[in-house]
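What follows is a group of structures, each given as structure tokens.
Two complexes follow with subunit A in common, the first pairing it with subunit B and the second with subunit C.
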Partner chain A sequence: MRRDRRELLLRIMALDFTALELNLYLDTHPRDARALEDYNKVTQELFTLRQEYQERYGPLIHFGHGFSKYPWQWIEEPWPWEMTF
Partner chain B sequence: MWLYEKKLQYPVRVSGPNPWLAKNIITQYGGPDGELSASLRYLTQRYTMPIPEAKGTLTDIGTEELAHMEIVAALVYNLIKDAPLEQIKAHGMDGYYADHDRALYFVDATGNPWTATYIQSKGDPITDLYENMAAEEKARSTYEWLINLSDDPLVTEALRFLRMREIVHFQRFGETLRLVQEWADRKKIY
Partner chain C sequence: MAELYRKMQLARAYVPFQQYTRRFEPFDGLMRGTIFPELFMPYRPKEMIGRSEG
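On to the complex of A and B.
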């Protein structure tokens, strides 16, 4: 995998993890307004970065959550277990 | 409904083929305290949870465990995919090879297949949440024993990440248990 692609993916992975951690915390602290603000901020950043990645490399999420160019990009390798970091 | 995101939760790297390490790590794929057990335990208990916080926590942690199952699978896959047969034999993975070649299968470190008896779903939310807190601690211990065994520093990095997640889940289940206990107390009063 090319360096610029790997770097963009690693940034998405880091933000995804932040969103997941905030999500789990909010599940048991639904009235923590500061955590909620952070969650929405990270979600916005993720939305932008995911769009950038998907425009360049195809869908990151299937079933209608990302556009594909021709031919169908979803099946393009590498799959996650084949990626070298 | 579930969605697949075409990336790992944590970037997996291995130093090279190592069937011996794969044979031990695979217990977190299909062993009693492994990620399949964890995911299915939470995703099946969530239906009878009484409060929204508990339904959310079990859904989300159960989903994260699937991502952990994928990390463990990626570790095992990369540790055995280029291993020559001689190494597979020398590392004691020949029995596994006889049944599965280099494919992934749900077994523990000594080859026992996964079984539904690894999980519990009792219907009493307090019972289930105690079960889950114990399960997270057992998984944390297993990751610690695997870290002690590991002779590949890159694999150890991923094992440390997974160990850390067990601690966070234990914390979240503890909070969920408190919320369910408060809910149960309120029910008694009114």
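On to the complex of A and C.
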């Protein structure tokens, strides 16, 4: 996988993890304004990067979560187990 | 702390309330398994304490 694609994917994975952690924290601290602000900031960047990734390389998540160009791109993705990080 | 300790009853779990201050950079958090510095407690190999050799 080309370097820039891999770096974009790693950034998405890292942001995904951060959003997940903030989400878990907010479940027990719903009134923590700073954590909520951070969560929305991370989610915004994540949304933008996911769109960019999918525009260039095809769907990240399937079953109606991402579009595909012609021909069907989902089967062309390198599978996660074919990649080392 | 001792005074607090005296009030602690046996067989009770205490989870102090976490206060969000700062977080690791996303990639560091992913590698460390948490974004919260206060929850990053890696198990580091240390010499065995109180075990006689051999």
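FYI, the second predicted complex is superposed on the first by the 84 of 85 C-alpha atoms of A that agree within 3 Å, B and C clash if a C-alpha of one lies under 4 Å from a C-alpha of the other, contacts with A are read in each partner's own complex, and residues count from 1 in each chain.
Methods note: a residue touches a chain if its C-beta (ideal position, glycine included) is under 8 Å from a C-beta of that chain, and two chains touch if they have at least 3 such contacts.
Nothing here was measured: the structure is a model prediction, and the numbers come from that model.
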First, second, both or neither for A:23, with subunit B first and subunit C second: first
Which of subunit B and subunit C A:32 touches, first, second, both or neither: second
Partner chain in contact with A:13 - subunit B first, subunit C second, else both or neither: both
First (subunit B), second (subunit C), both or neither touched by A:65: first
Subunit B versus subunit C as contact partner of A:75, first or second or both or neither: neither
Superposed model, subunit A: greater residue contact from subunit B or subunit C: B
Touching both subunit B and subunit C, residues of subunit A: 10, 13, 17, 21, 25, 28-29
Touching residues on subunit B, where the partner in the complex is subunit A: 3-13, 52-53, 56-57, 60-61, 64, 70, 73-74, 77-78, 168-169, 172, 175-176, 179
For the subunit A and subunit C complex, residues of the former touching the latter: 10-11, 13-15, 17-18, 21-22, 25, 28-29, 32, 34-35, 38, 42
Residue ranges of subunit A in contact with subunit B within the complex: 9-10, 12-13, 16-17, 20-21, 23-25, 27-30, 59-63, 65, 74, 79-81, 83-85
Partner subunit A, residues of subunit C touching it in the complex: 18, 20, 23, 25-27, 29-30, 34-36
